[in-house]
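Next come two complexes, and both contain subunit A; in the first it sits with subunit B, in the second with subunit C.
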Partner chain A sequence: MEAPPVTMMPVTGGTINMMEYLLQGSVLDHSLESLIHRLRGLCDNMEPETFLDHEMVFLLKGQQASPFVLRARRSMDRAGAPWHLRYLGQPEMGDKNRHALVRNCVDIATSENLTDFLMEMGFRMDHEFVAKGHLFRKGIMKIMVYKIFRILVPGNTDSTEALSLSYLVELSVVAPAGQDVVSDDMKNFAEQLKPLVHLEKIDPKRLM
Partner chain B sequence: MTCAEFSFHVPSLEELAGGICGKTRIAEVGGVPYLLPLVNQKKVYDLNKIAKEIKLPGAFILGAGAGPFQTLGFNSEFMPVIQTESEHKPPVNGSYFAHVNPADGGCLLEKYSEKHHDFECALLANLFASEGQPGKVIEVKAKRRTGPLNFVTCMRQTLEKHYGNKPVGMGGTFIIQKGKVKSHIMPAEFSSCPLNSDEEVNKWLHFYEMKAPLVCLPVFVSRDPNLARLAQRIDFSQGSGSEEEEAAGTEGDAQDWPGAGSSADQDDEEGVVKFQPSLWPWDSVRNNLRSALTEMCVLYDVLSIVRDKKFMTLDPVSQDALPPKQNPQTLQLISKKKSLAGAAQILLKGAERLTKSVTENQENKLQRDFNSELLRLRQHWKLRKVGDKILGDLSYRSAGSLFPHHGTFEVIKNTDLDLDKKIPEDYCPLDVQIPSDLEGSAYIKVSIQKQAPDIGDLGTVNLFKRPLPKSKPGSPHWQTKLEAAQNVLLCKEIFAQLSREAVQIKSQIPHIVVKNQIISQPFPNLQLSISLCHSSNDKKSQKSTTEKQCPEDHLYVLEHNLHLLIREFHKQTLSSIMMPHPASAPFGHKRMRLSGPQAFDKNEINSLQSSEGLLEKIIKQAKHIFLRSRAAATIDSLASRIEDPQIQAHWSNINDVYESSVKVLITSQGYEQICKSIQLQLNIGVEQIRVVHRDGRVITLSYQEQELQDFLLSQMSQHQVHAVQQLAKVMGWQVLSFSNHVGLGPIESIGNASAITVASPSGDYAISVRNGPESGSKIMVQFPRNQCKDLPKSDVLQDNKWSHLRGPFKEVQWNKMEGRNFVYKMELLMSALSPCLL
Partner chain C sequence: MGKRNQLVEVLGSGKRLKGLRVDAVYNPNTTDRKQPGYPMPMRSCYLTGVCTPSPWLFSPPFYVSYLLIWVTNLFLLVQREEKQLEASLDALLSQVADLKNSLGSFICKLENEYGRLTWPSVLDSFALLSGQLNTLNKVLKHEKTPLFRNQVIIPLVLSPDRDEDLMRQTEGRVPVFSHEVVPDHLRTKPDPEVEEQEKQLTTDAARIGADAAQKQIQSLNKMCSNLLEKISKEERESESGGLRPNKQTFNPTDTNALVAAVAFGKGLSNWRPSGSSGPGQPGQPGAGTILAGTSGLQQVQMAGAPSQQQPMLSGVQMAQAGQPGKMPSGIKTNIKSASMHPYQR
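Now for the complex of A and B:
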């Protein structure tokens, strides 16, 4: 069985103990085909799914030095799907025994008037982008292979421009805190994707 | 560009070295090819290293070159005056560089050491190196210019004239005391487009007029030793074009003053190679070319004369030289024969080799090796390597099955083969070992029995019914083996799923699961049994084979449907996993994420969760099949039992698994066109039969066959009365009364009697028909009073006109009437009673 949906728990700070384990990598456009082919072989047997999402990142600046960041995401190709609001904590690299990046995460499905609600609360939009790609699943592991598009005119998702000539590959698992065992599975899976793509735990702080 | 460069400043030589003598050397570093047509920015040099390369560390170097753009950041002219590094002394750089002033475009001369502290130069340099000792030097004095050649060229030609082929180098310094000099400076930027001609180079360079005094650092060699040597190598005696080109290529290189890698170090007293005494290195080349030109001209002249055919003609030379005996034709024939024979031999050899390889291939095919078999196995089955074993997966797990059986088989190498004996034809080097519980063959058997068998022989019935086809002596092929095992696994999964549901589902009559049989009662007195028949190859099971059962009780449709259902079930487990959208959301059911005003209420969620199990579905299908077959049997028996009226059933060919329909027509033979009153549509469902009447009435019947029979009987009796009505219309009779359900007379056990009364066109006669499903038909005819003789005269009806009133009814003895059927008889009766219109 899957973990109970997060919405069932009280949404107060710090009590939600779900963690996202993450590995990242990227492939160039021309090798996307072979990666998809490999993933179709490795992942759960189901029709390959594509997705087209629009993500907006909202900031709330308070007295604290660092602003509070929330990510609102909506599916552009599935009508009627709920919006998704996500809070991501500070990523922890951890030691060598843990093979994946870990960060706190809170996932909530919401109705489509989410942006208005956030604006009313005092959030303001920092940036937005469109993600388009493929989605795979193996057990509890989720593999996203997608390209990020820059939105040329704010709010208009029709005119977009690819950010790079490569695809981002993310292998993620959402699990309760302390279950570092899942990172072993992730590492094994990442090993099987070599040398098509090297999935590593990438510290976002180092890239800044 | 010549090998000498002018510089125009007085360097204080004395502070560097006492002189320019002692182990003198000339070093040619880099070359013009690194500058033109495009710059090669990899070519940078260190003068200290050069000093070591020419085996004179600590040398005093002066000369000319290109400035170190790698340090300066721009291109410049370079005048190296350097005391290089040695064990005793640190290096001293007294070099100068000249470049174009970016501010005003003028010429700017700067001391290198004022800005930088390295000892580098770039691209090209003509260097004169010595120990810097004082010693004897040659002093040359020139008063004025007398010709087009410059000072250094003059000196070089003088040396060349004197020494001839022996290359002699010279280096040093001279001072221009008076007058002006035109000199160039390279611009700061390298040319981005290739400079292919002198003209372009001159355009690129900046030229300046410089005034005396100027100190110059010339370094030159009287003659390039390489050039002379290469010129000698040009061979005119051979006609091969490629060689000529090659020679031309090397010659071209030589002209470009190479020496990039070979920083030639020569003492000016020594000649390395001995040369033929000749004034000019190109002498031999020129002579050869000239003689070739002469010959070409002569040939051209001869050819042009011959072409005119005025003075000269060409005749073939007569072949008298051949010996007279040999006929040229026979000679030709012989040579042809020979060459043909040679060709044939080659062809034959090739054919032999081909046939050999073909037979070898065929042999290889017969001898199937393990690896190729494994490759073929991999094309169809999932394999993985665990330790030193190769394990395969024959389960349906990847297709969505949740059956816990691991379904693993092992691939083994078949080595138990006697090498001495002949290899059997079906020998396969690869064998598979399947789990023992998946061996043999299995199938699911579904049957419906009317009578519940004794509870005692449950369990053992229906098993091992089919004797196995005798297996061939050797082991079967792995493919068939694996397919059989997979089938066993699927059957087991179906049965496991069914028995689990049988235990879980609460039904009015509980399902019984005994051993490998599931018994359920869809209808009273009806038993559906689903059993798993698994026969393994061992003898014990074959002994117990019994042949009691007749093969008809197999419900192959249901067995097939069971397989379909389990596949559907598999598919469901696959598709129930939904991918989240947007992609960052966690996994889960999409609908569960709906919240707020669009959220589902409890009923909707309940309806989502309720799903029918495999057993429920198959029981429903069984019920439907049973109901359908029973309805068909009922209709058939009625049709065969009752000839009048006729009953016709039209079954639809394409049915749903839970519903099928039949159209029932009740007609009278010969009167199909006028009697169309009864058309019924029977929709046979799972539990009941819905009858749709032609006029839209819907009647629901239960699964009991008696209900359907009674209904059809009553419809048939009604049909007769309807037929009379239709007939009356055709015959011109008048309907006096009509009733489908007559409330009078004896009560029928099924349905109601129907009645009709029709009057003849003249009104004299009337016919009354009463027809009941059980009591049958009763036909009465009413006559006019005047035809009734036995009628007592009434006192009231005196007048004659009353005699036209209809009198009493008389029953017709129907079974004595002639006629095929009821409607025909009725037509006869009506026509008999109607007055003849003629």
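Now for the complex of A and C:
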């Protein structure tokens, strides 16, 4: 039940197809401070924003081999914030000149009974984790530096354990389809973070 | 013989070939070509227009023509040399003008931007000057350049009056072509004091002796190369080497592990609900295995019964033990590969 690639979809009325351009890297714990300082200098001037999110990934297995994946995210430190439901398509491969990973992306804000709704629809939770880190913004680019925590007792977000000694760094832009110039801007920004972090296009399929 | 005779006919008929008289063919076997009064043997020659010393050529009517030819040649040579001189002088002039301009701009830079001048910018100006001096040298050494040493410049008229033409040509720097200007401008030897110093230096150098001089040269070269090496090593180290060993800021394996975790939950709570006979805590491999970047799917071990030994296929639902706080039953996991976990609890 994979959505067909964006290029094949007719442009009828309704929402514009948004694509997420993504670059990922990581930074070791002891270099986090220098990275934060550098990002504070490079990014838009705002108060450093931290976040603590709990993300659950739901799968719907249909007749096809590959299941449909939806990600539900809730904020653990901001009371009253809506839940966030996200669909991410398969990365569009082929263009070697494109510097970022591009995939179709649909973002929806929902109310709190999202998990029940998904369960009723037939989704089953595949995995979950807690993400804790910092958020920066530069124009339309969003930079997240966060640590992934594994949840030891399912459902209990207090008993967590760090997955590794590094923070994941993600540079992402959500933009309408076809704007490849965005990936050039991202690459230029990524250059400025070297040699602290190497942000690059990592194909998840390679890591399976 | 017939062909030879024909050739001889052509040669011996006195036809002028390119204005030169060609000898007859000398054939030692034939006696009929032996011409009287010719003490010199006649040499054979081919129709290349080579002038061979046939005595005929020294006869008086030819003297004049030879003289004329020689004089024309000389004249042409002189003209050619003049043209060369002019051309090389032009080239020299343009080079010197360039040099003058860059010197002028350098002086301006030093005077005006004294406060914010940086060393690299000064080095750039010096490099430019050095390049221009090099091209000047090349122009002087060019094969088409006549030896300027052979030319002499003599001032014909010296006057203390202002000369407007000269002013214009020298851009206002030399207003008067007088007795004080000439020694400086037309100088070909260095100042007397400078000459003295140079003589002193050469005598000093000669006094040391060739071997000692060589040794000094070698030690100087060695010191320079040592210094250069030290500088380049320092530069290289400070850039990258100093940072690399102790300041690794990211770990690529970690990157891959984290990306895999976010993308499809590798290493996360991808747990199987199963009988928990052991401690309530799901045992799991330490963070070290994650960091080691193992391939295959890592599965968090629930405190497992031996039933976990069976390889797990997608869609297979494990028997569930009643675990408190578990997610709703009927979890279908999407497992790509089966992996036996080394730790069995």
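Brief remarks on what is shown
Here is the rule we go by: the second predicted complex is superposed on the first by the 190 of 208 C-alpha atoms of A that agree within 3 Å, B and C clash if a C-alpha of one lies under 4 Å from a C-alpha of the other, contacts with A are read in each partner's own complex, and residues count from 1 in each chain.
What we mean here is this: a residue touches a chain if its C-beta (ideal position, glycine included) is under 8 Å from a C-beta of that chain, and two chains touch if they have at least 3 such contacts.
Note that the structure is predicted; figures quoted are calculated from it, not measured.
Of the two partner chains placed by superposition, only subunit B is touched by A:Phe51; subunit C is not. Of the two partner chains placed by the overlay, neither subunit B nor subunit C lies in contact with A:Ala177. Of the two partner chains placed around the shared chain by superposition, neither subunit B nor subunit C is touched by A:Met121.
In the superposition on chain A, A:Leu42 contacts neither subunit B nor subunit C. When the shared chain is aligned, subunit B comes close enough to touch A:Met144, but subunit C does not. Once chain A of one complex is fitted onto chain A of the other, the partner contacts of A:Leu165 are limited to subunit C, with no touch recorded for subunit B. Of the two partner chains, subunit B is the only one touched by A:Ala81; subunit C is not. By the touch criterion defined above, A:Ser111 lies against subunit B but remains apart from subunit C after alignment on the C-alpha atoms of chain A. The touching residues of subunit C, when paired with subunit A in their complex, are 243, 247-252, 254-271, 280-282, 284, 287, 290-291, 300, 315, 325-328, 330-334, 336. Those residues of subunit A that touch subunit B in the complex are listed here as 2-3, 5-7, 44-46, 49, 51, 53-55, 71, 73-75, 77-78, 81-84, 86, 107, 109-111, 131, 133, 135, 137, 140, 142, 144, 146, 174.
Chain contact summary for the complex, subunit A toward subunit C: residues 24-28, 31, 34-35, 57, 59, 61, 67, 119, 124-129, 148, 150-156, 161-166, 168, 195-198, 202, 204, 207-208. Residues of subunit B that touch subunit A in their complex: 398-400, 574-575, 577, 579-588, 590, 592-598.
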